[in-house]
Every structure is written in structure tokens, then in C-alpha cells.
Amino acid sequence: MSDLIVLPLVLPLFGAFLLPIVMRTSISIGAWIGPAILAYGCWILGDQWISGTTLPFSLAIGGFAPPMGINLYIDSLALLFAFAVQLLGLLFWPFKIDQETARRQALMLLLVAASTGLALSGDLFNLYVFYELVAVATFGLIAASGGSAAYASAIRYLILSGIGSVLTLLGIALIYSQTGTLNLAHLAQLAPEQLNNKLGLTAFLTILIGVGVKAELFPVNTWVPEVYATATSRVSAFLAGLVSKLALLIILRLLVLIFHQPEAIQVMLVLGILGVISGELAAWRAKDMRRMLAFSSIGQLGMIFIALAIPEQGGLLAVLALTFHHLLIKSGLFMLADGWGGAIEKLRGAAKRSPLAAAIFVLFSLSLIGMPPLPGFWAKFTLITQLAAQTSPLYLIGLTVFLLATVIEAAYLLRLAALLYGPAAKDTPIDTLAKPAGLSLATASLFGIGLLAAALFIAPVGDLLNHVAGQAANTDLYINTVLAGTGGSQ
Amino acid sequence: MTEIELWIVMLLALMVLSAAVMVLLVKNHVAAVAAASVVPLGLALLFVLMRAPDVAMTEAAVGAGLSSLILALALRRLGLWQIDGVKTRTNLIKTQSEGHRNA
Amino acid sequence: MMPDISLELILYTTALGLISIGLAGVVLSRHLFRMVLALGIAEAGANLMLVLAGYRWDAVAPILTTLGEHPPMVDPVPQAMVLTAIVIGVGIQALAVSILIRIRQRYGTLDRSQVVERMDAEIADTASIPRDVSQESPLGERPLPSIPDSTVEIRGGHS
Amino acid sequence: MRNLTGLLFAGGLGFMLLAIASGLDFGAPPMLVGGAIQAAAPQETGATNIVTSVVLGYRGIDTLGELSILFAAAASAGLVLGRRHTTAGTLTEGGFVLKHGGAMLFPLLLTIGFYIIFHGHLTPGGGFQGGVILAAAFFLPLLARPGARLHHGMLSVIEGFAGSSFILIGLAALSEGEAFLQPMLVQDALGQLVSAGTLPLLYLAVGLKVGAELAGLLSHLAQTESEV
């Protein structure tokens, strides 16, 4: 069974290659290929999750034992992310049938495959390849969404991510020239002697900035608001909800396994704080819904970066809680923005037009702010306790900024909620108000149900995340699993 | 590695670096593309000296050949293909931006 | 016998020089096409860096010519990675220029600041909000240069 | 102002890298993985060109990812440039040399391309380089003859089947109970043309895919709009 774990990574690629040919002969058959592959991927990963043992395992591709070959490393965290990728791929599937369906769906399949690869791969350069594949597929999907502004925002994103990929390659070259290996487990083994120096720090910083482009890290996130404002809501939801988290996952793995320098952590903390400040302030000033969500996403990811800078396992727990919480909420909010994408002012009184959408919006907002019974409270509370336990003054600054940001967040989200429930402008009849489309609303409700479920079962969810964090924080487990327990040809 | 090779490497390095600077400074877009294709060409020769024949072949075919072709075709479609541009601006040095002339 | 150090230094400086020149070009260029060119240069520098990471002075190319004993070879792994990186780079470049072609058609310009202005204006327009001029002041208060009408010949002459 | 900050940024970056990595001794890499691969590659994959055995064997999934990137780039470029009614190629007739030279070069380029692909496991070169040459062979007529056009349907069929056969070869190994993309049928004939098991087949798939992809991309870029 565990051999089949490669299928969710490979089958979408297979489907993407064949899709243009199939679509040429029959659109009705072709339209089902993608969803079928993704559903099968969900089934394999879910089955692995249920039946699999709690221990992580490693799968050598090509049968070459790591560190010589490339391996997939599957632990609870990777499995959780891979499952989320397949599921969200299915939820955000571009059903629209038109002349370009084949290309759009093929790109979506490539995006899903590459994201799965990012979640599972255990090799630095392989991660880079999948990272680039994610990038190229997203450029296409953004540009495909139509307007001239989409092209302009896509080229800005492309150039920034090009800078990022140059820096990442540079970091990989530095690491390879120092250690002679690229396998994460092997690197983790060698890191204490060979990378615990200035060179290692430089390599980490270049990779941090490079990967940070997708993770919406502070100085390299200028692409975010325009891209989310011009791409279709589904693409934005996938990017903000998932792809940014996967970039974060790379940084998390590097930080846990390889780079333990205190300077690395400080840089992340400072960048995270700056990200929170800039993101939340800009969100407060934003005048349209999509850009508000985009800036708020920058702020939220800044918070996660602050949490990443906490060295202990508790920090990791906070990271995971914030990550999955934000994944649910931002995906849902972007689905709402599908109909409510325009200026905030135009949403005045929109609750009467679509009460369900308004209710879901309020639910998400309250959780994002951190209202007690909702999971957001628990996630933020974990981070606050962890931050307060640190002694260094930098963490206290982080804590202050974090609390302030929560206040700002509450201000702009509740302002919008008040607008929604307020009276409609005099001269506009209710029927002309904007309303999220049926399918998007249904998807958003799914996320809302997921959020409520997490709120109801907060204790088991917390236990689960704690277990996942414990497994992810265990460097020795990672090294031993990959370098000893492979079924390759040794 | 002999002394001759050292000299060749040094010359190639100089060529590559100066071509790279040219790409940014030169006024004409066609000249910039030409300079940009010198960089991978020089690198391909460097890779031969660095005992990387596979990389050298790829760099020559893809970097110098294909990529220059793509850029040249793009220049044609962008309407920037003019050998002796009179009105083109320098790239890095500030001048009055051209868009206003369109208005 | 020539000194080893100088060769190492030359190659290393070339790689870093290309990366620096390329990145500087991306940051400084005013024209989008030059930015794409500069990005290509930076990528070439990163590739050289990667090959350099596996290079040994006293070795031969990693291809077996005789069976049995063979002289020391350079590291094949970075070479394989560079092969991958080169092809990735050209793919991205092709995509970038095709997006540029569309931008040029829609906006009539490839000047960086003008494209950004038009993009902001268009986003604000589709969201139907008054433009936030305070952020881009004084650029934002300037009237946008008009888009040349669609009869402008895209191919060939300068508009 | 921005010029100054940019210059400072680039200069600072260059200086920082130079200063920090000056301690690095290039020229004597550790070769932990590389050394092990060199020792084991001829037996495990049967290719004399060790770079090929890394590209297709040890790091096979990188190559798959790379093919996907090229595919994604071509598909995105197609999406961006659209499927308008266009006339491919030049508007002006090529000169005598271009026209007849192109016709003469076509079979030559085709032969060279396939030669490079099929000898990828023995000598430098392989799927990528050969694929580029194939693309050039098919692109040449577009430059020479006005109104010539590539058969896009044919191209997409080739690229689809080439890409999926790469994956199918990998899945075949999986169904045999081995790992995904494990080299199979490695003969004991190092240095022969027919050796190295499935590697040449993989390179053929890579070459066809790269060639079709690039030819399609080039023809997209070479299109001239009939009406804008």
C-alpha cells in the first residue's frame, strides 16, 4: 500500500499530459479525468492516514537508497498537507467549459501534482523543481483569468519569483559545495558540523528569501495584492490557502532539520513582525474586498513566521494551528469574494440579499480575530502563551505587535460585517446588490462546516496537531527513517 | 589545467561579464538580445573547460540557441525590432519616458 | 605550475558577478523586456555557481571511457541539476515574453512604471472604487497617457 | 533614488557573497553523494555517461518535474497568446539560400537530433539537447516559407504520448513490484548502443516531448497577428 503513495504525485502529471489529447476527441470524457484523478488521490492518502501506522516512512524513488536517490518522506504532517492539496484541488476545480478548458484543467492538475510534491519530497533540489512547477502553473492560471491587469500582475509575480529562484539556486549551490549532498536527512546529519557557520547562514537566508516569495514573506510579497485582486477567486483561494503554506512547510523543514543558528531565527522573527505590521495596516486601508483579504493574508503569514521563530516544539504546535486555521478561513473567504469582489462600499446591506453568505463571513471573521469558542482563539492563544514564555526582548516586541494586529484585524473585519448588516444605501434596491455565486457559496459553507466541526472537537484536533508537531520536530526520527529504513537497493 | 587554459578561462570570464553589463547599458533592444546571447555562449565554452560536456551542450543549444531565438521572435512581435533606433531610450539612465510621446 | 587560487577566484567571481549584475538589472531596469533579459543573466550565473560546486581541478568529465580503473571524475550530480535548471529557465523565459507580448498589445507600453499605473487604474476600475491617489502620489495624480488605439502596428515599427 | 538603492543592493549582495564564501574551497568538493554514484552507476543503470544515469535514474523525478514545467510553460504561453486566427511564419518569402538550405537541412537536423538522443547514455548529449535540435528542424520551414504552419494537433499528440510514456515506463516498474522509475532490463553490455535498459527509452520520450513542446512554443511566438 505504501508504494502507492507515489500515485497522487504522478497521476495528476499523467492526466495533465494526456488531457489535451482526450479533450480533442471528447470533452465530456475529458472533463471527468481531472476530478477522478484527484478523488483517487484523496482516497489513497486518506486510506494511508487511516490504515497506516503512526510511524513515518520513507519511499525511495527509482529504488535508489537515499542519499543517492530522491526519496519521499511521509509523516503525519506531509500526509496532512498532501491530503489537503488533493482535496482543495477538487474543491477549487475549474469546471468551466470553454475553448481553453483543456489547458486550464491541465495546468490545475500540474499545480496539484507539484503541490503534492512539495509536501512529500525529501530532497532539496527536488523541492526546487516542484516549487518552480508550482510557479509556472500559477503564472498560467493567473494570466488565464482574463483582463489586462492579470497579465501585468502575472509578470510582476513572475519576475519576483524569478529573483527568488535565482537566490534559491544560489543557496542550494552553497549547501552542495559545502556538504556534497542534497538529501534533507543526510543534510540534517551533517549540519551540526558543516553548516553551523556563516556559510550555512548565508545559504539559509538566500533560500528563505527565495522560498519566501511564495510564502508572502515581508520584503518579497509585493505581488500579493494585485495577483489576488486579478486572478479568479478559485486560483486566489488555492494560492493564499495552500501554496503559501507549502512554501512555509519547506522553511519549517529546513529550520527544524538543518539550520539551528540563532541569527536565522532572529531574521525570521523580524521579517515576520514587519510583515504583520505592513499587512494589517494595508488591510485596514484597503477599499476592496479582495485586496483586504490579500493584505490580511500577508499579516496572518507574518504571524506564522513569528511562531516559526519560537524554537521549541510548542512553537511548532502554534505554527501548525495557525497554518491550518488560516488555510480553512482564507480559502472560505476568497470563495465569498467570488461575488463580493468589488468595493467594500458596495456591500452595504448585502446581508439581506444573501443572509447565508453574511453569516459565514461573520463566522470566519470572528474565528480570524480569535473569538473564544472558535478554533482561531485556540490557535492564537497557543502562540500567545508560547511568546510570553520567551525571555528575549525581541519576542516581547513580537507579542505586542501580535496583539495590536489582532485589534486592527478586528477593526476592519467587524467594520465590513457592520456594513453587511447595515441598511442598504437609499437608492439601491436589494435585488441589485452583489451576491456570491451558488457554487462558491456552497464551497464556502463547506469550509464553514469544517471550522465549526473543528470548534466542536477542539480537544481531539488539538491532540492530533500536538502529535503531528511532535513527529515533525523530531530530527532524529527523520534521519533514522530516511537513512536506515528504506527499501531500496542498497 | 595548463596555463593556456587559465588564460582562456580569464578571457571568457571577461567576455561574459562585459556582455552581461552590455545587456543592461546598451540602448538598442536588438543589441541587448545579441549581448544576452553572448553570455550563455561564453558559459558553454567555460563548461567545456570545466569538464561538463553535457551541460555545455545544453547551454549552447538551449541558452545560446533557443533562448536567443525566443527573444528575437518576441522582439519582432513586440515591435521593438529596429536595428538603428533613433528614438530608443537608454535603459538605466533616466530620460523622458516614451509613453508620453504616444499621447 | 600556475596558482590554483586564481582560477578558482575567476570562476567564482564570474558566477557571483553574473548573479549581481542580473539582479541589479532586474531591480533597476525601466523596461520590462530588459528585466526579462536580466533575469536570464542572473539564472546563468546561478547555473555556473552550481557547476562550480561540483568541479574538481584534477578530474575528467563524468563519462566512462574505459572499463575498469578510471581517473577521478568531476561530480556528476550538480551537472545533472544544471541541465534541469537550464531547461526550466528557458521555459519561464518563453512564458515571460509571451505575457509581455499581451501587455504590449493591451497597454501599448512596456515601461515599468506606466504598466504598474495602468494596472492599478484597471483594478480600481473593475472594483469600481475611487482611486487611492495618496499611495502613489505624485504619480497617481498625473493623468494616464492614453492607450494608443488598436490600429497601431504591433509588429514592426515603433509606435 | 531607486537607481541608487538598487546599486547599493546589488553591490552589497555581491560583496556579502564574496566575503562570506571566500572561505569556501571550490575545486575540492566533498563528493559524498557524487562519489558514491560514480562508483555504483555503471552497474546499477548500465550507462557510461554518468550524468545521464543521474538525470534519468537517481534523479529521475526531477526530470519528470522538468518536463512538466516545460509543458506548463507551453500550455500557459498558449493560453496567454490564445488561439486566434493567425498565419504562422513569415510574411515575406525567404531568400534562395534560406529556402533551399532549409529544405536540405531538415533531414540532416532530424538525423542529428535522433542520434544525440539515442547516444545519450554513452556520450554527452541526450533528450534535452536532441529535443532542441528536433524542434529547430521543424521550426526551420516556418522561417523559410510564407504561410507554412505547424500541425498543432500532431504536436500535442506527440507531446502527450511522449510525456505519458515516460510516466508509464516508471509505473511499469512499480507494477513489477519495484520502485517508481526504477531502471529495468539493465543488460550486461556496458558501452554498447543497446544497453542501459529503459534509459534510452526514457530519453527518447524526453527528446520527443521537449522537441514537440519547443516547436509548439516557437510557432506560437512566431505567429503574426492577422488582425489586431
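Order as written gives the chain letters A, B, C and D; numbering starts at 1 within each chain.
By our rule, a contact is a pair of C-beta atoms (placed from the backbone, for glycine too) under 8 Å apart; a residue touches a chain by one contact, two chains touch by 3 or more.
A quick note: this is a predicted structure, and the numbers were derived from the prediction, not measured.
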With centres defined as the mean of Cα atoms, the chain at greatest distance from subunit D is chain A
Of B-D and C-D, the pair joined by more C-beta contact pairs is C-D
Subunit A to subunit B, mean C-alpha position gap in Å, rounds to 37
Subunit C and subunit D have mean C-alpha positions lying a whole-number Å distance apart equal to 19
Whole-angstrom distance, CA centroid of subunit A to CA centroid of subunit C, is 26
Within subunit D, the set of residues that touch 2 or more other chains is 3, 17, 21, 26, 29, 31, 33-34, 37, 49, 51, 58-59, 62, 65-66, 69, 72-73, 76, 80, 124, 128, 217, 221, 224
Note: subunit B residues in touch with at least two other chains are 53-54, 58, 62, 66, 70, 74, 77, 92, 94
Among all residues of subunit C, those touching at least two other chains are 7, 11, 13, 17, 19, 21-24, 28, 36, 47, 52-55, 57, 61-63, 73, 75, 77-79, 81, 83-84, 86-88, 91-92, 94-95, 97-102, 154-155
So the touching chain pairs work out to A-C, A-D, B-C, B-D, C-D
In the complex, the residues of subunit A that touch subunit D are 3, 6, 10, 13-14, 16-21, 24, 59-64, 67-70, 99-100, 103-104, 106-107, 110, 113-114, 117, 125-126, 129-130, 132-133, 136-137, 139-141, 143-144, 151, 170, 174, 176-183, 186, 198-199, 202, 487-489
In the complex, subunit B touches subunit D at residues 53-54, 56-58, 61-62, 65-66, 69-70, 73-74, 77, 92, 94
Note: in the complex, subunit D contacts subunit B through residues 3, 49, 51-52, 124-126, 128-129, 132-133, 135-136, 139, 214, 217-218, 221-224
Listed in rising order, the residues of subunit C that touch subunit B in the complex are 2, 6-7, 10-11, 13-14, 17-18, 21-22, 24-25, 28-31, 33-34, 36-38, 40-41, 44, 47-48, 51-52, 55, 57, 59-63, 73-74, 79, 82-83, 86-87, 89-90, 93-94, 97-98, 100-101, 104, 108-111, 113-114, 145-146, 148, 153-159
Note: in the complex, subunit A contacts subunit C through residues 125, 129, 132, 135-136, 139-140, 143, 147-149, 151-156, 158-159, 162-163, 165-166, 169-170, 172-174, 176-177, 180, 182, 226, 229-230, 285, 287-288, 290-291, 341-343, 345-346
